[in-house]
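I've put the structures underneath this note.
You will see chain A twice below: alongside chain B first, and alongside chain C after that.
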Partner chain A sequence: MKTFLTTTALIALALPAMAEIKLGASISATGPAAFLGDPELKTLEMLVEDLNAKGGINGEEVVLVAYDDNGDPNKARTFATRLVEDDEVVAIIGGTTTGTSMSILAVAEDAEIPFISLAGAIDIIDPVKPFTFKTPHTDRMACQKIFEDMQNRGFTKVGMISGTDGFGASMQAQCKSVAPDYGIEIVADETYDPKDADMTAQLTKIRGVEGVQAILNPGFGQGPSIVTRNVKQLAIDLPFYQSHGVASDGFIDLAGADAAEGVRLPGTALLVADLLAEDDPQKPVVDAYKAMFEAKTGTPVGTFGGYAHDAFLIMTDAIARAGSAEPAAIRDAIEATTGLAGTTGVYTFTAEDHLGLDLTAFRMLEIKGGKWTLVQ
Partner chain B sequence: MSELLQFLLSGVTVGAVYALVALGFTIIYNASDVVNFAQGEFVMLGGMITVAAYAAGAPLPLAALVAIVVTAALGVAMNKLTIEPARGAPVVSLVIITIGASIFIRGAAQLIFGKQIHTYPAFSGDDPIRILGATILPQSLWVIAGSVAVFIGLWLFFTRTLLGRAVLATSNNRLAAQLVGINTTFVMTLSFALSAGIGALAGVLVTPITMTSYDVGLAFALKGFAAAMLGGMGNPKGALVGGFLLGLLEGLTAGYISSQYKDAAAFIVILAVLFFLPQGLFGRKSTDRV
Partner chain C sequence: MTPKNATLLALAILIALSPIFFPSSFYYRVGALIFVNALAVTGIVILTGWAGQISLGHAGFAGIGAYACALAPVHLGLHPALAVLLGALISAVLAWLVGRPILRLKGYYLAVASLGMGILISMVLNNERDLTRGPDGIDVPELGLRALLKDAGLDLSNGQFWYFFCGIVLILGAWLALNLRDSATGRALRALHGSEVAAKTVGMDVARLKLQAFVISAVYASISGSLLALQNKFITPDVAGFMHSVEMVTMAVLGGVGSVAGAIFGAAVLTLLPQVLTVFAEYEQLVLGLVMVLVMIFLREGVVPSILRKIRGRGE
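Our next item is the complex of A and B:
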């Protein structure tokens, strides 16, 4: 990061005549959320470089001041303050986790600087705060999408096995609260520690529950892969749903194509770029990001890098439309964003909605023969 | 019936992992009274180096061997670079040094191997073995066999070999051990090599079940440490029994009470045992040196 800052500083020195727009970022590139933050930071750096090569925004160069907050909300708060007071940025992207986002938004709201979060929890934008927006869909929406699919298949009794990490616990609570809206009863509610080696005890218990028709596993990291393997080990033939937390090719590799066969989960268009219809509004942006990221890093694109892509897209689109780099003007322009296709979904913000996505942003996917397929 | 058996098999699967990690704590503790908190990092390195060597095209047995040898060498390096220079420092300081070493190893692994989660194929396939309606994965049998083999090896080492007795003598009184001609520096080096090697073996065997990433070490170390304390720190039999007991407790609590209280129940039992038997189930009696 240091070298990056120096390089951008050098570029800035070399081109004194050109005006610049300073964007701030606080991302968890290391620490427990590193595998989310790492692709996010790489995405931002790549997009800034690409944008400047194309002439910047309205002829002005974009400078990214990025800090690694290590997933620590205290550090995120310090860095957010530094971004506002020392670096004098016009807007902030970041907050890889819900915790860091909550810290940054407090600073951003005080300083009246627009802030786009990359974290999942609905609390970030509900209630709506004037300067805070976010790109990822909420875990509540993931639950709704899954239950909608279950309802279509006629399931009413569902067993849940959730991770006890923040992601799993939050989604577990959201799913339990929206289940009644879809006529679904949670008949079993088990948990596991994200570092556990075996979940067959919990799954055996779920299988033993009278009338259970499907299993849902909100979780993140290696836990869901182990649960998927254990389902196969126990030869449980109930329909099995995972969450968007594992929507990446890595999940199929870790669980094994054999064990993952038939698993359904809500994912973004990015994951099934090749399967999108030619006239899909997200197709051009998804294809472009996928090609650029994979050529640049040599690693496959993931949902999380996509969140950063969309935040950058929304921000630069707003700055271009605002025709000025004043924080208040940028904020107004973000709120006026309509029908902007990103990798996660098509964004339309309003004064009441700072998430800008609906359930159509999720695609219900099924793993068949080790590949993602779209459920029609 | 088949439910009870599945809970037990789940407990045994988890317990074998804990036991194998707990065994790794034994040697360094016996040589120096130091609880090596970098032990979990050795387990992580065993898995991660195997992943890297396997991805580079080495056959799995060779990759595993490379991982064990390299990790043992890193264990020696850790002793030479961190513990030996601080010789004479109180045990608590040495324990804190091992915590520092573990943070360093984790950070280095993150830079070298990246932040992704990895795994490699199980040694004997993924088809579960059925026992009276319950199932267990063949890899779990490998882990159980590994922990029993390491236990027997350690037990023979400490009771039947001169070197093993030299390790115990060093722990008992370093100065007296030196006076009777034991090379205590070599004993420390050897104990780090063996502990790291056993940790790496644990990592090699459990990775197909638990998967691995740069940060799995801490969780392994905590559970392995708890198992070793339950059985009695320093005693291979204690590590083995403590590991399986902890696993079974978790499996049965998850099955019959609630998975929410699985870890809590296990730790309450550990607290209760340590309250009545402060040295653990099989711990040696503490004799204060005056």
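Our next item is the complex of A and C:
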């Protein structure tokens, strides 16, 4: 061990000009959450390469140490420990799922290393923990955005059909708790298993409820596509809302443009890059990310890769402003982030708010002719 | 020295001296994980290696142990250490209830029954949201032993504490298992594994012996789950997942299903491999599969017993 330390010290002495900033990441690039983690990891790798090509941060090269945690919280904790103790990174990005994020944040808080999570649940930043931040909106905000739209259209009675996975269950609970604020009554509350292949029974039950004016489907993965098809098959002629969990072109492909016609959901600016107003503060960053990601991977951008983009943007912006790669200085700089435009929204963090987004970050989208359109 | 004492001594020396070679304190975490897995796999050795029964639902018991530590302190006001015992008790009772009717039958019915039981436990943990908080997981209270040690003048880092604590629990677990092996019950278990008919004709209560082995191994799995939960201070239903059950059996088979040393070796290899293979994460499954296939072809009894046999064979 002594030899090891001496060698490291010698290398450090010999190469003083080659300063580098080590960022860590634990992402679920494979496993059940791969459809989230895969674009996230690709985004991070692409951005690091791009940043270094442009000269790094304040002239220092950025090195990304990324591990694949398979969506397993126990592995995520091990990798987070490895990033902190073994790789000695100055900050961590990652935690594709809520479970992995909760595991990583425990390690990050102990080691006092800034951590930006890519997962949705509000528990990650509520109560506020000093070193933990996150980029995606919470499911509570998605519910509020949807109910706001329903309120504008004069709906008061809503039927819900939710997935029993972590995402669906969490959003189901949040929607039920905020519904009264918008004068909305949940008149039906059905669930399905994410592996189910048919939800017509639940939908028939919802249709049978007297006075139901709209249907809301919190869920992610393939479930919502099947629900969307079933709604069409049953010819249910009610306004139909999906969640931000399916805000990607993959959803339209899976459900079919025909069945998805008229579906509304809260999404990010990224999905409607072409439709953004010229003076929209998010326009430049959304266009740049979309162009770079699509050129690099040949696949369309999605909301989830956007979360990783924003986390990297916030982190590198903070390191540049801090002028130092000390974890404590980075943390303070992240908390002082003001009006930073990302693909998900415009971030302003405070000591009490480690999410930094408000409802304006969501755009209400409607699918028309197999394309996303903005609801005015 | 008897082989039993030799195994325990070697284990104790390994656990005590390995930290000297750790390049960073991250390796305490890996060590603690190895010990936690090895404890569960020691239970599998008792059940599969000695009693000849297969369980595909042992992660369910780990889940019970883990969630007992998460829930009992909050809802029942129990100290986390007592919650570990409560989890073990619940696992034992459940194993007894499931095993009692099943183990009267011949053949591999236990594999199917335990598979179903494991999946049921995992479903309950996922779906009883009001209690378990569902798939997003739940916080686990601090054990508090580390703070006590600090007051007593022994200041260990979190990683160091769990490394040595899990190490000591593993030595205890291995000691109990090895004692059991040499007891009348252990000999009877191995006899019935050799030939159930012969064991029966000499008057052994075969069903009762198998049931004992199943209950004991369930307690091992439960305590292993508890240690994991207390160490991570956060647990999700993944701990009770089917893949975790398969992992336990795989570790036992790789190291040598009839040997406690083999169990620890198997747990060590399969816990370390993913850490070593992070550079080629995409090929991790491939390498794991290849290792298993090669072991099954060339070292049929598992790595440790096969190698021991070779060494002894040469000596004779």
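We adopt the following convention: the second predicted complex is superposed on the first by the 359 of 376 C-alpha atoms of A that agree within 3 Å, B and C clash if a C-alpha of one lies under 4 Å from a C-alpha of the other, contacts with A are read in each partner's own complex, and residues count from 1 in each chain.
Throughout what follows, a residue touches a chain if its C-beta (ideal position, glycine included) is under 8 Å from a C-beta of that chain, and two chains touch if they have at least 3 such contacts.
Just so you know, these numbers come straight off a predicted model, no measurement behind them.
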| item | value |
| --- | --- |
| Superposed partners chain B and chain C on chain A - clash or fit | fit |
| Touching partner for A:Gly250 - first (chain B), second (chain C), both, neither | first |
| First (chain B), second (chain C), both or neither touched by A:Asp237 | neither |
| First (chain B), second (chain C), both or neither touched by A:Thr30 | both |
| Chain B versus chain C as contact partner of A:Asp86, first or second or both or neither | second |
| Partner chain(s) touched by A:Ser225 [first = chain B, second = chain C, both, neither] | first |
| Partner chain(s) touched by A:Tyr192 [first = chain B, second = chain C, both, neither] | first |
| Partner chain(s) touched by A:Lys75 [first = chain B, second = chain C, both, neither] | second |
| Smallest separation in angstrom, by C-alpha atoms, between chain B and chain C in the superposition | 6 |
| Intersection of chain A interface sets (partners chain B, chain C) | 30 |
| Complex contact set, residues of chain A against chain C | 1, 4, 29-30, 67-68, 72-75, 77-79, 81-82, 84-86, 98-99, 102-103, 106, 110, 121, 123, 164-166, 169-170, 173 |
| Contacting residues of chain C [partner chain A, same complex] | 20-27, 29-30, 33, 126-127, 129, 134-137, 139, 158-159, 228, 232-236, 238-239, 274-275, 278, 281-282 |
| Residue numbers on chain B that touch chain A, as the complex places them | 3, 6-7, 9-11, 13-14, 17, 110, 115-117, 119, 126, 128, 135, 137, 206, 209-211, 213, 215-216, 219, 250-252, 254-255, 258-260, 262-263 |
| Parts of chain A lying in touch with chain B, wherever the complex brings them together | 30, 32, 34-35, 38, 161, 190-193, 195-202, 204-205, 208, 221-222, 225-226, 229, 232-235, 250, 253-254, 256, 258-259 |
